[in-house]
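Multiple structures follow.
Paired with chain B in one complex and with chain C in the other, chain A is shared by the two complexes that follow.
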Partner chain A sequence: LSRIGDELYLEPTESGLSLRTVNSSRSAFASFLFAPLFFQLYEAGGPQPGRELLRCKVVMKSFLGVFRSLPSLEKTVWKCLILLKPRASRLVVQLHCKYGVTKTHNLAFQECEQLQAVFDTQRCASSLCAPARVLAEAVVHFPQTLAEVTLGAGPGGKISLRNYVEDEAGEPGRAGTMVTELWLAEDEFQTVAVTPGSRITFCLKEFRVSPARVPSSSLGSPLSPSQPPRCPQGLLTFAEASNLPLTIHYDMPGRPVVFTLDDAVLEVHLVLATLSDPESGLQPPTANGAAHLPTPSDDFADDLESYMIAMETSAYEEGSGVPPSPTFPLHTPCPAESDPEEEEEEEEEEEEGAVPGTPPHKKVLDGHGRCLGVGGQAQPPPDPHLSPQFRSLFFGSVLTPGTPGPAPTQEVLAEDSDGEY
Partner chain B sequence: MRFRAKIVDLACLNHFSRVINTIAKLAKTCTLRLTVSKLYFILADKVANGGVSLWCELCQENFFDEFQMEGVAAEHNEIYLELVPENLSRALKTAQSAKAVKIKLTNKHCPCLRVAVELPSISSSSRIVTHDIPVGVIPRRLWNDFREPSVPDFDVSIYLPVLKTMKSVVERMKNLSNSIVIEANLSGEMNLKIETDLVSVTTHFKDLGNPPWALEDGCQSSAQDRDLESMAEARIDIKKLQQLLAGQQVNPTKALCNIVSKRIVHFILLHEDVSLQYFIPALA
Partner chain C sequence: MPLSAQPPASGEPYVLAASLDNARHLSSLLRAVHFRDHATCFATANGIRVTVEDAKCIQANAFIQAEIFQEFAVQEESVTFRINLSVLIDCLTIFGTSSLPGTSTALRMCYRGYGYPLMLFLEEGGVVTVCKINTQEPDELLDFDFCSTKVVNKIILQSEGLREAFAELDMTSEVLQITMSPDKPYFRLSTFGNAGSAHLDYPRDSDLMEAFHCNQTQTNRYKISLLKPSTKALALSCKVSIRTDAQGFLSLQYMIRNEDGQICFVEYYCCPDEDITEAEL
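Let's look at the complex of A and B:
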């Protein structure tokens, strides 16, 4: 989780303890849900039933610091107690070690609203499942610094992985960039249920092992190739170590790709934004009938974000009471969980220092059904001044009220649940 | 213009990878010259390179199981390509357990050297990884820029000390100074010297031996009449020397250098099937 975000969100629920994080540009979200069985003792909430369960977030580095040296922990610690002290605003992690030594770490936490990515693996058209080893071996052929990779279903049932090269002139393989492509046969996978010819492009970094990463400076820094050296456990390494098969769910370009790991006591989800591909041939209907062919590269975060918001809002529009993600049934208990306004509030927390520039992208939601994709965006040309970081891709409202932009958008979102666009 | 080659033997692949790794350490971009029997990696001595030049020659038979080449024209049955050796090095890096590696010159959207690695896999069909390395085709009119450099009229020729030792000495010296003086004489003695305001360090090597150069008319006469004890020296950029030494992954069969006093140092590293020549000019 530390490889993705700087803050660790802890959410105790009835079905387990959920640890989540999101990256600064909101293009990657991960969660680990530990079932109560995983723990020796698990008490989720306060004594009053129906009381809202406390959620908090702590600084990732502080939390990691408690568990700094795994080998020595394994040797000395026989019990670890984690408890939340709301009144003292402290998350207490207590390590009971050998020889009667108890180390107590008090971490300051901030209460927060739910960090919930909007995605639905059931709605993904394609899925693949393979032992993590296969994917780890595949990924090794791509350079460590590689940002984006395209996963595709090719002819003959083969699955391909290809590094993504931004092509300005529209021709792949521009001089200067080496293109690497790997083909895996269908039978290397445990299950393959893909739409032929489908492709998605996502950022490889959060996924693999990358031991030499440069530390990111602040929550505000966009995802960049120079990220600080984090604990080198990418999801892939984790999967390999736990010997679990990895399932990849994806849909159309632009819709997020979801990687999941499942076992009896643990459910892991990693949701990554994908590039909307104007060449994919699946040109979605656009607002005002205008056909836009935005170039994927620079503004892909923007595209995805609007798209995701549209998707989410349209989901609400349909009045589907089904929570967006079947594996995270834990929205706030109120029945109006699909109420976008509530989502909005929840998201306020996330948007510390939201860039006021984000609004224009949200506005574009009107008139779109779920197939917004990139094409639908009546987007002004990517504004270089808008830092992509505060683009929430899977979240509801991203904007703090009070900034000039949000107002119109909030209105739009509010209309969703009743109206048509 | 066509080129296809295939390596099936792992040892050959390994060896080839090592050569490429060495080249990659010495040059960011270089020229690959393909002939029917040989491959050459060439770096011409342009100002941009800092005046260094590189000439590396391999016999293709020693590496490739299949090698087919058709040059630009019948009378000029050669191909000159400009490429980034680091790309090739990366492509081969993860191919160390490959069943086969095929290299082919293609021109889909732009000229590329396509390296296709066939990897063993548990499934019925093997995994194939292809790397498309963009290359530039060098037109015939520029081929003259890439002629084999001639051995300079050197003052002293001497075998190098054990490269590993030399490398560690030079690496430490690199921290202290930007330039290093190599001096040697015909009695098998070589000194590596650095001198700064604060410190000067000299490492002495002796009993290195001087290679006997075959006498040709008029050649090596300057070396011939030389006083055996007198040192020929050149001050060169220490980083370039360090790069050369660091890039050597295997001990060469023969390693020697020719020094033209105050002008240039010519290094020759010979392995069984690869020869590498590297020229470092003296600093002003």
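Let's look at the complex of A and C:
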């Protein structure tokens, strides 16, 4: 968690202790939920039932300072007690060690709002499950300095990983950039339930094992304007160490990708923003034909159609009966849709509480100046330097108890008035 | 193989002449007190004492008794000089610090007296190095007047239990607070840093406790930056004795066993911190 954010949010719930963090640009969120069974004793809310459960956040470094030396911890500590003392404003972490030695740390904490990312794995069109080792080995092939990688479902059920290179408008690709592409056969995975032709691009930094410092991205990604990039000993290392299979849920580009690890006593989620990119291929052919379909030979038009059909008929592997997400503005080919789209954006913003400091969530269709499907409707002119932007995840005071769930607002967004997908 | 005695150039005897088969026996102890550049050496027929002080608040002494040396001769009652400890340690370790089994640096140390440099002859594998280090007027040393009759509380612990604790001390705290008491918490080390406070408690019946003689509950604070160098001595030692007197002065005595199984001592004396601020417990 420390690889992602500077603050650790602790939230005791009925279903366990949740430790969460978010990165400063709000594009990565992770949570570890430890079920009560994980602990010898778990008492949320104190001895009196019905008392409000306290949430707090502590500075990550302080908390880590308690557990500074992992190898010696394993050898010397036999019990760890964590207490929240609201009256003294202290989070007490007490380690009972060998020889009767007791180490007590009284950490200052701040009360805070719930930190909850808006995502729903049930709604994701595609999911993959593999032992963490497979992914760790795959990721090793990509250069340490790589920021973004594209995961795609290719022909024959193969899964591809390719480093993302931003195409300069009009150029075939930056000369001299090495592109690495890796294909994994379906049988490397435990389960594969992907939409053919689907692909998403996400930031590798928060995910992989890499001690290198990634230089500030020249892609202009709002992920790393001036903050030192976080380099991971990320989820992948943890997954490998714990020997748990890693499940990847994803949907359309722009919608977050969710990595989960599940165990009897532990549930881990890592939610990363993905690049919402007209290049990703799931761009409906538009009236003005400015759709810029990528060169890979997958037959996107057909795939797209089948995807749309799939969405319409809700033939998800995971959930069923879930209505197609109307938030996805790419589904509106008609120029007239610009307004509802704008409304969608705004509604999302208002309802979910646009967090200050998030990168401007311009429409998906900007960036390259190709306002596809909106026929040049008046929109705030896109910043040409902020081309394909990561759609940030919206965090707010979503009062969903403990479990990740879609914000109710997702369903309210204006749908295409023609009902045509 | 000890070097044969080098005849003095002018025929005058050395006031201090010593030979040591393994210079590491000396250099490692000196490192344990090396937190300032200069040290005062005090040699008598019993051995050498090297003293380092800082801020008029802390004093560290390394004792290398005569028995450790293969040859040790002091012509006068006592020989005292001030010397650059960094340079001395660098010379003693001139052949490198990695301790390969079987190889050791032999040392012969000679001092002609007031005004003369300290001569070091170091040999390893047939290669000889000669070092001359200038000596200076010895400084007035602090006298903590810490004798066993004035000790209020005394604990002897196995170093193993404290090593990690000292290494992990929260350095954002300005002070290290030591509480010694016949009642709970018996022996407690506390820091008050940016993250909050941390307390390390050692119960009196812990396996680590070799001796526990606490008569009075005392809580004293010491500047952590002054005590931090004692971690080096702690790392080398097998046992440590922690004593405080009525004024809150702290005495830390480390028992160090060298490669040949010989025992040496290093001690640290520290004044309590005068600024007593509200304790945050």
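In this section, the second predicted complex is superposed on the first by the 252 of 421 C-alpha atoms of A that agree within 3 Å, B and C clash if a C-alpha of one lies under 4 Å from a C-alpha of the other, contacts with A are read in each partner's own complex, and residues count from 1 in each chain.
Following the convention adopted for this analysis, contacts are C-beta pairs under 8 Å (C-beta built on N, C-alpha and C of every residue); 3 or more make two chains touch, one makes a residue touch a chain.
The structure presented is a predicted model; accordingly, all values stated were derived computationally and were not measured.
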* Kindly classify A:Thr76 by the partners it touches after superposition: chain B alone (first), chain C alone (second), both, or neither? => second
* Asked: So, does A:Ser242 touch the first partner chain B, the second partner chain C, both, or neither?
  -> neither
* **First, second, both or neither for A:Leu182, with chain B first and chain C second** => first
* To do: For A:Thr104, select first, second, both or neither according to whether it touches chain B, chain C, the two together, or no partner.
  => second
* Touched partner set for A:Thr191, first chain B, second chain C, both or neither -> neither
* Asked: Touching A:Lys61 in the superposition: chain B (first), chain C (second), both, neither?
  -> second
* Residues of chain C that touch chain A when the two form their complex -> 161, 164-165, 168, 170, 194-203, 205-208
* Structure fact -> chain A contacts chain B in the complex at 138, 140-141, 143, 171-188
* In their complex, what parts of chain B are in touch with chain A? -> 87, 90-91, 94, 108-110, 112, 121-125, 127-134, 136
* What does chain A use to touch chain C in their complex? -> 59, 61-63, 65-66, 68-69, 72, 76, 90-91, 99-108
